[in-house]
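When the chains are written out, they are named A, B, C, D, E and F in that same order, and each has its own residue count from 1.
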Amino acid sequence: MIHYALIFAFGCFGLGLLFNLYRIFVAPGVVDRVLALDTMVINIIALLVLYGISTHSGVYFEAALLFAMTGFVSTVAYCKFILRGDIIE
Amino acid sequence: MEFLAEIVISVLLVAAGIFGLVGSIGLIKLPDTMTRLHAPTKATTLGVGGVLIASMLYFWIFKATLSWHELLITMFLLLTAPITANFIAKAHLHRFGKESDLPDTKTDRGWATFEDEAKEMQPVMTRVTPPAQAPSDH
Amino acid sequence: MLRKLFPHPYLTLLLVITWMLLVNQLKLGSLVLAVILGTIIPLITAPYWPDRPILRNPMAIIGYVLIVLYDIVKSNFIVAGVVLLKPNSQLKPAWVTVPIDLRTPEAITVLAGTITMTPGTVTADMSGDGRSLLIHCLHAPDPDAVRDEIKSRYEARLMRIFE
Amino acid sequence: MNHWIIAPVILPALLAPFIVLVMRHDLSLQRVFSTTGTAVLAAISVVLLYTASTNPPEVYFLGNWPAPFGIVLVLDRLSAMMIALTAVLALLVQLYAISTGWDSRGKHFHALFQFQLMGLCGAFLTGDAFNLFVFFEVLLIASYGLMIHGGGAKRLKAGVQYVAYNLVGSTLFLFALASIYSVTGTLNMADLAVKVAELPAGDAALMRVGAVLLLLVFAVKGALVPLQFWLPATYSFAPGPVAALFAVMTKVGAYAVIRTYTLIFPPNTASTGLLFADLLLPAAIITLVVGAIGVMGATSMARMVAFAAIGSMGTLFIAVAQFTPQAMTAGLYYLVHSTLATAALFLVVDLVQDRRSNDSLRAAAPPFGQHGLLAALFFGATIAMAGMPPLSGFLGKLLVLDATRGANMAVIWTAILATSLITIVGFSRAGSQVFWKAHATTTTQTRPEGKAEPLAFAVVFALLAGLAVMTVLAGPITDWLADTSAELFDRMAYINAVLPTAQE
Amino acid sequence: MELLVASAVGLMTACGVYLTLRKRTFPVIVGIAMLSYAVNVFIFASGRLAIGLPAIITEGASYTDPLTQALVLTAIVISFGMTALIVMMALGAFLETGDDYIGMEDDADAPTPPQEGQK
Amino acid sequence: MSLALIAALPFLGALLPGLLIRAGRNACATVTGLVTALALLGILLHAPAVMRGEVITTRIEWLPALGLNVNFFLDGLGLLFTGLILGIGLLIILYARFYLSSKDPMGQFYAYLLLFQGAMVGIVLSDNILLLLIFWELTSLSSFLLIGYWKHLPEGRQGARMALTVTGAGGLAMIAGMLILGNIVGSYDLTVILQNKDLIQGSEWYLPALILILIGAFTKSAQFPFHFWLPHAMAAPTPVSAYLHSATMVKAGLFLMARMWPVLAGTPEWFYIVATTGLITMVMAAKIALFKDDLKALLAFSTVSHLGLITMLLGFGTTEAAMVAVFHIINHATFKAALFMSAGIVDHETHTRDIKRLGGLRHLMPITFTIVCISALSMAGIPPLNGFLSKELMLEESTHAIWAGNHWVMPVLATIGAMFSVAYSFRLIAHTFLGPVRDDYPAKPHDPGFGMWAAPAFLAALVIAIGIMPMTTVGELVRATASAVTGTEVEVYISHWHGFVPALWMSIIAVGAGFILLGLHRPLDRIWLATPRPEAKAIFDAILEPFARASRAIIDRLHDGSLARYLAVATLTILAAGIYAYQTGTHSPGTRALTPIEPVPAVGWLLLMGATASLFTFHRNRLLALVLVGVIGLMVSVGFVYLSAPDLALTQISVEVATVMLLLLALNFLPKDSPVESTVARRSRDGIIAGAAGLGIGALIFALMTRDSAFQTIADFHLANSKPGGGGTNVVNVILVDFRGYDTFGEIIVLGIAGLVIYALVEALLRGGPANDRLLAWVPDQKRAGDRHPLMLVVATRMILPIALMVGAYIFLRGHNEPGGGFIAGLVVAIATIMQYMASGFGWAAARQRIDYHALIGWGVTIAGLCGVGSWFAMRPFMTTNFGYFKLPFIEKFELATAAIFDLGVFLTVVGAVMLALASISRIAIRAGETVNVEPFDIQPDEEPTTEGVR
């Protein structure tokens, strides 16, 4: 049962990624693309954890944690750039 | 017990998948940036949260290792997602929004994002005439 | 002396927990190391935290967290319905100003974060003096209700915790 | 195991951070320590040179891991020679930089200088292909820093180009190494030599691709046409002493070609055969021609010297492309010669630039201080560079000409001799423009006597004296180099030293 | 999977090469960054692909090639240092000259006054 | 005296004049003369033996690998030439002492002169053709210096360059010829070569060698068509002209032909090339000489003519002709040197060399007149002077020469040459010295002091002496020399009267016709001036200047500063070489099974491809480009996770964030868009190149991935030994810190250097200058929002930073066994710190944490290095690691590998380098007017706001 739930979840987040790709391609401005990138990171974290479950391996959690950290930092940096030009002032 | 756990985990995974997907659907379906901004919070909270809890349960029950990493990730996401959303909203307001479209702050001051804007902005360096003599090493 | 060694005792506690979560094992050795790191790191980062937040009622945090979790789950379903079922034409997004009485930066942050994490509302901005929040609602036929709910459901509780 | 082998890497690698840590704000201390360090390095290099001359190749197993699994350093005559050349040149250049105050025109000159030496020595010593990449990067990034030392608009622009071009080169290096590893499963050069020789025929094409990409990487470093484009702007806008030190940078490319294509892919390799000689020779000849035309057409002295440096790489690679012991001897002789000559010429040009309002060859500038002495040094250095007697350039060219008798003799000889003429003409035009024409303009506005920098002049003298010594002692030197070539072509000595159990 | 990796490497290389052929420093730097992404994946893939076999020693497992990974790590770090440097140099050149062209064409196009022999 | 010493003397002596010039001009000249005299003495001591037919040799091994040795030999030919070089050298030194003005740097002059002298002596004594070549080129170089001695004269500079170019070119051709010759014979020793006539003349390489060697000889001896440089060399001071351009250097070509005569002469090729060239040169130059008004130009062309004469004689290839050639070399040297010096005297005294402005000097300068008369009459071939003797013999020899079956060509043309010779010689006397005294000389002429006319007078005396008693004076010398030239014993009999032989009639005709020509000089001169004729300088410039311009054009086009073009060329080269290498090798397709494609990775791939394609499309919007880079970096990292490379993923993603941040920081100052600047064609071209490169690389990696390595990879060893040998289960990390720790050592140094360079660069930018000015005047180009330090971010960061540091510590400590390690930990810590800076501002945050990033880098590299050195104390090689399990109180057993200390060095360097780079860029921002905030965030909900910062 978990197996099928996993496949379903994989499918959902994979599909989610595809939608993110669409938003990367078609967007009114760079802010939407930053938003898409941020969503992508979240989807990917989910996928990584799913992958960890499906391979019974905990090796990927550090990656997920780091993705969360770097995703946050880079989103803030992009926005800060749009807001102020200088991201460290 | 294991069967119950299996059901719980599966439900969590399916729900997570659905909510995660809803977030991404929202990203393409909703009409403007501000409404689209609501999407990732969904993916974060129930989407990733569900997966992470499912994972914890799975490793705890089926692999007999209680993994707390998931909790850490969840906490981190819960901590950072509002900041991210706040920043994206501010960036959007700054770049595309007008203060006049927003409701009044009901205080003496305006919205922070719009407060400093009036002062500036000219193109880079076009006004700067290069100095007459370039210094050399000699 | 103790204050100098542990400028932020709650932080030390939080870091010890974090370390234990990271190493994923409950052993004395890990705990010792966690305490060492949990002492050193706050000392390093203390300068960035000049004034200590005062938690007046720490136990109230638990109640607050439970309420927020419940709200997250509940409104997630509502928003999912909005996203999936409601045509964009019927969507009624709205801006809401929420004047706030909280004055502690940490409390305001928690409030703003809570608003964002509960689906359907996003904290978009803050007034220049920090006394009101700008909230964007995904679908809010009645914006004033949103404001009132935020103030009564979250701000009042946070007021009790922080101030 | 002889720990001295790694000293040329470790000494500057520890000295540089020491300078950064302890004496960041005290230039005098930096000068003392850095110069002392370089002098010690030179002394060590002499010891290593002696060791390498009297012993078969010696191996240093880093981390005590056996080859080919860890990284090894190999000291043989060639690597010892390159290190000695580098150390001696570096010492002179450093004295020059101190004497002229170049080291005070920006930050961290000495730390970067030491790192540069570390990179160079590391590249010469390593017996591991990927480690060669790492040390290429060390020496490159240090060179980027030295190149833009002191700043300035032109220098920075040229610097950006230099870095961008070489970053593409570094990327290519990685493509090549990955391909080679993927085919052979090893990175150790001796092991590669063994495995390439036994390579199944079906892998030959991919092996050739990897090897050719590698050749192109080294060609970039060696400024071989059409990959020479980075050089003129870089060398002509770099600070004088840095350009002089860079004289040895192109030789890193030559060294790598010599090492790789005598050890790993010698001409009798089944999979690669004469591929590299066939590609190198025409490129080398064109390089020579481009260099000569550049000398003729350059509009500033530094640029002219830069093109002369390109031309000298052409001559060098012509010799290398023969892949015969005799030609390799000639090539190695020319390598040492052209390093010293190029450095001398860059330093002279720097002295001139410092005393003249500009180094343009288009406009006449008033005469300048220490004119006669500089003219003499310029004359000497150009003679060396153009390959005229009595300095070693002429002997070098004769050796190369003598060693290239054979099928392509007519083309090679024509190229070498014709470009010599063009170079001579170009240099004589420039020299008469800068040193003689100045006298035609009114002598009343002679610029004040230049700064007295006896040490700087002494350095140039020393370099020219080095060339004179190379001329006078050409016999013993070529004998030594002949043994070096012999060692290069005796691959089993190297392979056995690194992999005691290997069989070819 | 190999086809996907190869095509991704190819496209990233193409994109990198295209951007390095631009006239301004910024796209060139982005292009170089793309090239280094491409080459990192290239090195990694040259050790062949393996799914779910990280080179963490456990009981009786098989592993992917750890060496190419180590090489990529080294390459990543080096290219990071290089990128940081060239970014700063490009900024410096821009501030010094007032334009962000990567070319130095102005140097060669300067008018040529007659030389001695021609007068 | 050893020949080597004789050859070396002038070189060693060349150091003296420069030193002794401080002791005065006389001392300077004296020491120069002494050196020359000493060398001459050395030669004269050998003379008796040589005259007996002995050959003196000196052999010193120099460069045996090449066959280049310092071998000298002295035979008759060498004796004659060393005698000429040193003897006339002495006279010139004397003459120059008085000729040079006090403003001329005399020390330099004598030094150059001695250098030249040494080179000439070297040429004539060399017994090794490579050695000869060295001296040969040295004469070109030293003559360059001598001709350009008067630096202020443009003619001097040009003349010097022209001489160097022409003789240099000849010299280079000769190198090729000599190398071929050596190749044929198998030795570069002259004495060996001279014994291999048949071998050489039978070789298919004979003609190329002959032509190349003759080019060298002809250029040096100013033979047609290379004669043009010589008159321009007359810009040199007269002593130089007299020495180089009459007596010695121009004779080097003749010497060479004479030297090689035994092996090269005697073939039709030799005859037709050499004799014809000589004949043409002789006639043509004599004709030109007649119309030259500049005294030195007249003499220069007459020299060319006489060199042609001698060349022709050598070209005849007969023993007799060779003998005559030798004799004329002697005679020409005497009268021509005397004439040059006299011309110099005239110039010196009257301040002009223009014949048309002279005349009547006979009365004012009787001594000079006498000397010129004697020498010029000899040059005209008037008996009984020495010129007459050799000219008669020449005419005689010309009658024996048959040119393409024709008996008349040679004698007729030779007579015409002699006729011109008579005419210009008499013109020299008549138009300069005869006629009425003028009153418009530029200076008041009178005879110079004895010192100046002594040398030419001595030579004039020789002219007479040889003319009257040829056999007594030079008979033996000519015999010895001619024997050496021909390699056979030559009988010499020189007399004034041979009977009414054809030569006599030819001579009479020449003299008579010469007088007629002189009489007609005025109308002929008008015709001459009216006739357009090729001007040597114009031709030379017409060749060289376009070449120089073309070179400049080529080089400016080739190296036009366009990096895009450079890289396009590089890419195409790489592609072409790669494809060629592949096409020419054998390839069998790989057989490795493909890894199956799963849907989710396929989506990831689609994202990567899509983002890359978007980057192509949107790269002009620079911020968007960075967002896309972020997407690509993210997808690559995810790919690494999926493909079993967690360490790579961690590193890639952290590096990617740091890179994007740096780019964003830089972009703040840079233009935000890249304008469209290339044409569609250019973009398509770039697209095609890029596409080809992508296809190539893609195909290559596909081919590699789908086959197994040909041999077992060394990675297997790493997998097997990671735990037992390196003490860690994360093999990648063990490779990094242990198996290949040395790579990592280099890698962190790269990073550290990057930090240092960035710091130094910023220092240079802010030191003052355009960059600094621009920054001071900088105004942001995009609107800036309020709220620099949003409250929410600041509060969150206070929480995140400690946690992130904790994570960093965790990643650091576990690296050896699980994914992680010092590098990633360093980046995590750096990024967390950056986060703090982003939240509260760099100035505010850095002021609260005074960490010296230089020191971090320094310590990092030092720790890593010392960790490696530490193994020496265990008698192990650099970087040998050790590991063990330590039991510390309370803390559970944990493993401590020395590799962890190394990793600490890595960690510190990474943090230091990243932070130093950021700190540097922040300094730029502060210079650009950025303010530093006093509060951690702008919004102060509990008090009145303070948004204004302090500078």
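Note that in this section a contact is a pair of C-beta atoms (placed from the backbone, for glycine too) under 8 Å apart; a residue touches a chain by one contact, two chains touch by 3 or more.
Just so it is clear, the structure is predicted and the values come from calculations on it, not from any experiment.
The chain with its Cα centre farthest from the Cα centre of chain B is F. Of the two chain pairs shown, A-F and E-F, the one joined by more C-beta contacts is E-F. The chain with its Cα centre farthest from the Cα centre of chain C is F. As a whole-number value, the distance joining the C-alpha centres of chain B and chain C reads 15 Å. Chain A and chain E have Cα centroids separated by 25 Å. Averaging C-alpha coordinates per chain places the centre of chain C 62 Å away from that of chain D.
Chain contacts: chain B has residues 18, 25, 37, 39, 44, 65, 67, 69, 72, 76, 79-80, 82-83, 86-87, 90, 93-94, 109, 112-113, 115, 125, 128, 130, 134-135 touching two or more partner chains. Counting only residues that touch two or more partner chains, chain F has 154, 157, 544, 548, 552, 556, 559, 561, 563, 567, 626, 642, 646, 667, 669-671, 697, 704-705, 713-715, 718, 739-740, 743, 747, 750, 753-754, 757, 761, 764-765, 769-771, 774, 780-782, 784-788, 790, 792-793, 796, 803, 807, 818-819, 921, 939, 945, 947. In chain A, the positions touching at least two other chains are 10-11, 13, 15, 17, 20, 30, 34, 59, 62, 65, 69, 76, 78, 80, 82-83.
Considering their complex, residues 55, 57, 59 of chain A touch chain E.
The touching residues of chain F, when paired with chain C in their complex, are 786-787, 790-792, 794-798, 801-803, 805-807, 809-810, 836, 840, 845, 848-849, 890-894, 936-937, 939-942, 945, 947. Chain contact summary for the complex, chain B toward chain A: residues 6-7, 9-11, 13-14, 16-18, 20-21, 23-25, 27-28, 33, 36-37, 39-40, 43-44, 47-48, 51-52, 54-55, 58-59, 63, 65, 67, 69-70, 72-73, 76-77, 80, 83-84, 87-88, 90-92, 94-96, 113.
Interface residues of chain E facing chain F in the complex, by the touch rule stated above, are 1-30, 33-34, 37-38, 40-42, 44-58, 63-70, 72-74, 76-78, 80-85, 87-92, 94-98, 100, 102-109, 112, 115-118. Partner chain F is touched in their complex by these residues of chain B: 76, 79-80, 82-83, 86-87, 90, 93-94, 109, 112-117, 120-125, 127-128, 130-131, 134-135.
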